[in-house]
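Next come two complexes built around subunit A: one with subunit B, the other with subunit C.
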Partner chain A sequence: MTAYDYYSIVQGALATILLSVASIVLGVPLGLGLALIRWARVPFFGRVVVAYVSVMRACPMVTLLLLIYFALPQFGLSLDPTPAAILALTAGTAAYNCEVWRAALLNFPRDQYDAALSVGMSRSLRFRRIVFPQILKAGLPGLVNEMTLQIKATPAVAVIGIVEITRAALRIGARTYEPLPPFVVALVLYSLIVLVLVKLQRRIERREAAKG
Partner chain B sequence: MDHLMIIWEQRADILAGLLTTVELLLVSAAAALALGTLVAPALMSRRRWLARLATLYVDAMRCAPFLLFLYLIYFGLPLLGVRLSNWSAGAIALAVYNAAYMAELLAAAWKGLPSTMIEAAHACGFHGWGLLRRIILPPVMTSALPMIGNQLLQIVKDSAFLTIIAVGELTHQMNSIQSTYFIPFAAFLTAVVLYWAICLVIEIGGNLFARMTEEKRA
Partner chain C sequence: MAVHQDTRNASPATAVSARSRQRIRVSLALALAALTCGQAAWAASADEIKSRGYLSVATEDDYTPFEFMKDGVATGYDNELLALVRKQLGVTVKQQVMPWSGILPGVTTGKFDMAVSAVLATDERKKTFDFLSPTSEAVTFYATKKGAPIKAAADLAGKVVGAETGSAMLTDLKNFNEELKKKGAGLKQIVEYQGYPEAYQDLALGRIDAVANTQISLMSLVKTRPDAFTVGQAIGKPVFIAWAVKKGNTDVARMVDAILLELRKNGQLYELQQKWLGVTYKDMPQSIN
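Right after this comes the complex of A and B.
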C-alpha cells in the first residue's frame, strides 16, 4: 500500500463520518418526535409511527437505499447519491432512536409529571425542564449504541456509488491484488470511530454523575 | 397498477429470491447459534488465553461492519486456497459474523444463571455435556430468546448485503427486475414488504415459542 492508498482510505473515512454525523444529527430529534407522538397517544398518527418503526426494523439498509435512490425520480424527485444516502440512513436510525426514547419515556416517573402539573408549569416548560433532561440521561446508552450500529450500517451506501471506508479499501485491494492490508486498515479506522463514540459517552456520563 | 402486474408476472424470480434469503437465514442462523454456544463459555473461561482469544474475536466483529467482513471472507479465503461459491461465502460470513453477537448475548444470559442451580446439578452428579444440555442451556436459551429473535432480524437485514457479491437473494432479484422493466418503486416496495413479512413471521414464531416453553415449565 502506498501513501496515496492510505490517503484515499482516510478520504473514505471522512465520507463515513459525514454520513453518520448527518444522519445522527437528524435522526435523534426525529426519533424523539416519533416517540412523543406515541407517548401522547395522538390518534391515528400513533398507529402510523408503530407501523413505520415495525417496517424500518425489518427493512435492510441496502434495499431502502435502492428504493430511495431509484424510485423517488419516478415521482419527479431526483436526489444526488449523498442526500439520498443521508435520507435513507436518517429514516432507518430514526426508527431505532424512537424505540430508545420511548423506553425512556415509559420509565419516566409519572408523579414527577403530575408534580410539575400541580405547580402550574405549561406543557412546553414541563417537557423542557422536567421530562427531557431525565429521558436524555436514561436514553443516552441506548442512543450511543444505536450510533455505533449506524456507523456500521454506512457501508450500504456503496450500492449507490458513494465511496466510504469499505469501498475505498475494496478499490485498493482490487488494484494491488492484496485485499487484506487495506481491509485491516479499514477495520482499525472503524474501531477508532466507534471507540471515540464510546469514550464520549463515558465522559458525558461521568460529568453527569459528578453533577449529581 | 400495470407495474404491479409486471411484479406479479415475475413471481417465479421473486419467489426464488425470497427462498434464497430464507435459506441463508436458516442455515446461517443455525450455524451462528451453534458457534455462539461454543464461544459463549470461552468468553467466560478461567483459562486466560482462551477468554482473551474469544473476547478479541467478539470485539473485532463488533467493530467491523458486516460488508467489510463479507469482503474479507469473499476475497481473503481464496488467498488461503479455499475456493467458495458466492452463496457459501455469503453464508459463512453471515454465520461467523453473527455468531459473535450470539455468543455475547448468550454469555449475558449465562451469567444471569443462579450459581446455586449449577451447584445443585453438580451435587446430583451432572457434569460436562450432560450439565450443559440438561441444566444450563434450557434456561439460557429461554431467557435469551427475545435477543436471539432480534439477532435473527439482523441476519435478515445483513443478508441484503449479499447482493453486492451477486448472490441471488431478494434484493438482488428485485434490483434485476427493476433494471429490466424500469419499475424501481414497485419492485423495491415489494422487497420491503416481503422483508417485513419475514420479520413478522420471526417475531410471531418467537412469541409462540416463548409461550410454549412457559407452559411446559408451569
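Right after this comes the complex of A and C.
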C-alpha cells in the first residue's frame, strides 16, 4: 500500500462520517416526529407511519439506493449520488428511530402526563418539560445502537458510486490484488468512529445521571 | 440440477455477495417496473447532448487493467481511450466512477448515456444495448493457485469455480459446465462474486479452486502476483469488448464511434492496447450490433 492508499481510505472515512452524521441528524428528529404521530393516534397519518415503517424495515439499503438513484430519473427527478445517498440513509434510519422513540413513549408513565395536564401546562410545555427529557433518557441506548448500525450501513452507498471506507479499501485491493492490508486499515477506522460515538453516549448518560 | 445455487456454504464472504446479489435482483426488477410505467425518453439525442453541453458516462473502479484507480485518478485502458475521445468530442464528458453492479442499470434507466467500461458484447446484452465499435476482444480463461493440480480445462470437473455475478464470464462458465456434464461430471459448484478482487482472495485462501475471467484480466493478475496464481486454458469462445449505450440510442453511439474508428486509423487505439493489454487486435469489425 502506498501513502496515497492510506490517504484515500481516510478520505473514504470522511465520506462515511459525513453520510452517517447527515442521516443521523436528520433521521433522529424525523423518527421522533413519526413516533409522535403514532403515539398521538393522528387519524390516517398514524396508518401512513405504520406502512412507512414496515416498508422501510423490509427494504434493503442497496435496493432503496438503486431505486432512488436509478428509478427516480424516470419520473424527472435526477439526484446526484450524495443527496441520493443521504435521502436513502435518512429514510431508512428514521423508520428504525421511530420504533426506538415509540418504545420510549409507550413506557412513559401516563399519570405524569395527566399530572402535567392538571396543573394546566400547555401541550408544547408538557412535551418539552415532562415527556421529552424522559423519553430521551430511555431512548438513548437504542438510538446510539441504531447510529452504530447506521455507520455500518453506509458501505451500501458504494453501489451508486460514492467512495466510503469499504469502497476505498476495495479499490486498493483491486489494483494490488492483495485486499487484506486495506481492509485492516478500514477496520481500524470504523472502530475509531464507533468508539467516538459510544464515548459520547457515555458522557451524555453520566451527565444525565448527575442531574438525577 | 443447477450448480450455482447456494453459495452460503462456501464462505462468509460469498454469503454476503449472495445476499446482496438477491437485493440487486429485486431492485432491478423494481427499476424495470419503474421503467415501463415512467417515460423512458431520458436517454439524450445528439442535439440534446450538444445543447446541454455534456455526455454522461459511467466507468468501473476495480477492473484492472481496463479501469481502476491509481492515486485517486481513474486510469487503465478504457480511461486513457476516453481521454483521447474527450479531445475530439466537442462536448465535455461527465464521468461517474462506480462499481460494476450500478453501470448497466444506470445505462438502461438513462442515468448515463454510455457505459465506458469493458462490456462483453454478448447476444443476451445485444437485446438491451447497442454496442460501439469494439475496443478489444476477450476469451474466458480460468486461473488457479500456483502449483494446483488442475492442468487442463477438463480437470475442472468436480471443482469449485468463481466468477463475477451478472458477468459474461459467468455465462461462459455455466455453458462450460454444461459441456463438462455432457462428457461426464460437471463442476462441483459455481460461486458468484460481486467483484473479482473477492474472487481472487478466495482463490488465494483455497476456498475455491479456480476463477473464470477474461484472459486479459487474468494475465494482469498473474503479472502482479506471479508468486500466487497461474493462468489456465480457455473455457469460452472469443467475444468482443465494447462500450455500450441503451438500445436505440444510436445518436450517441455514432458520435463516439466516429472518434473511435479515427483512433484505429491513426493507430492510437492499438498503442493503448499494447500498453495496457499486452496485445493488439487489429482485425476487429467496425460494428458488432
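Here, the second predicted complex is superposed on the first by the 212 of 212 C-alpha atoms of A that agree within 3 Å, B and C clash if a C-alpha of one lies under 4 Å from a C-alpha of the other, contacts with A are read in each partner's own complex, and residues count from 1 in each chain.
Note that in this section a residue touches a chain if its C-beta (ideal position, glycine included) is under 8 Å from a C-beta of that chain, and two chains touch if they have at least 3 such contacts.
Computed from a predicted model, the values in this text were never measured in an experiment.
In the three-chain model built by superposing on subunit A, subunit B clashes with subunit C. In the superposition on chain A, A:Val62 makes contact with both subunit B and subunit C.
Of the two partner chains placed by superposition, subunit B and subunit C are both touched by A:Ala158. Of the two partner chains placed by the overlay, subunit B and subunit C both lie in contact with A:Ala71.
In the superposition on chain A, contact is made by A:Thr2 with subunit C only, not with subunit B.
Contacts of A:Arg171 after superposition on the shared chain: subunit C is touched, whereas subunit B is not. Of the two partner chains placed by the overlay, only subunit B lies in contact with A:Ser54; subunit C stays clear of it. Contacts of A:Pro179 after superposition on the shared chain: both subunit B and subunit C are touched.
Of the two partner chains, subunit B is the only one that A:Leu187 touches; subunit C does not reach it. Counting contacts as defined above, subunit A residues 60, 62-63, 66-67, 70-71, 73-75, 158-159, 170, 173, 179-180 meet subunit B in one complex and subunit C in the other. Across the complex, subunit A meets subunit C through its residues 2, 4, 8, 60, 62-63, 66-67, 69-71, 73-75, 78, 81, 158-161, 163, 167, 170-171, 173-180.
Considering their complex, residues 60, 62-68, 71-72, 75-76, 79, 153, 156-161, 163-164, 170-171, 174-175, 178, 184-185, 188-189, 191-192, 195-196, 198-200 of subunit B touch subunit A. Looking at the complex, you find that subunit A touches subunit B at residues 54-55, 57-64, 66-67, 70-71, 73-75, 151-156, 158-159, 165-166, 169-170, 173, 179-180, 183, 186-187, 190-191, 194. Per the touch definition, subunit C reaches subunit A in the complex via residues 20, 23-24, 26-28, 30-31, 34-35, 38-40, 42, 58, 61-64, 68-72, 96-99, 101-102, 105-106, 109-111, 195-198, 200-201, 221, 224-225, 228.
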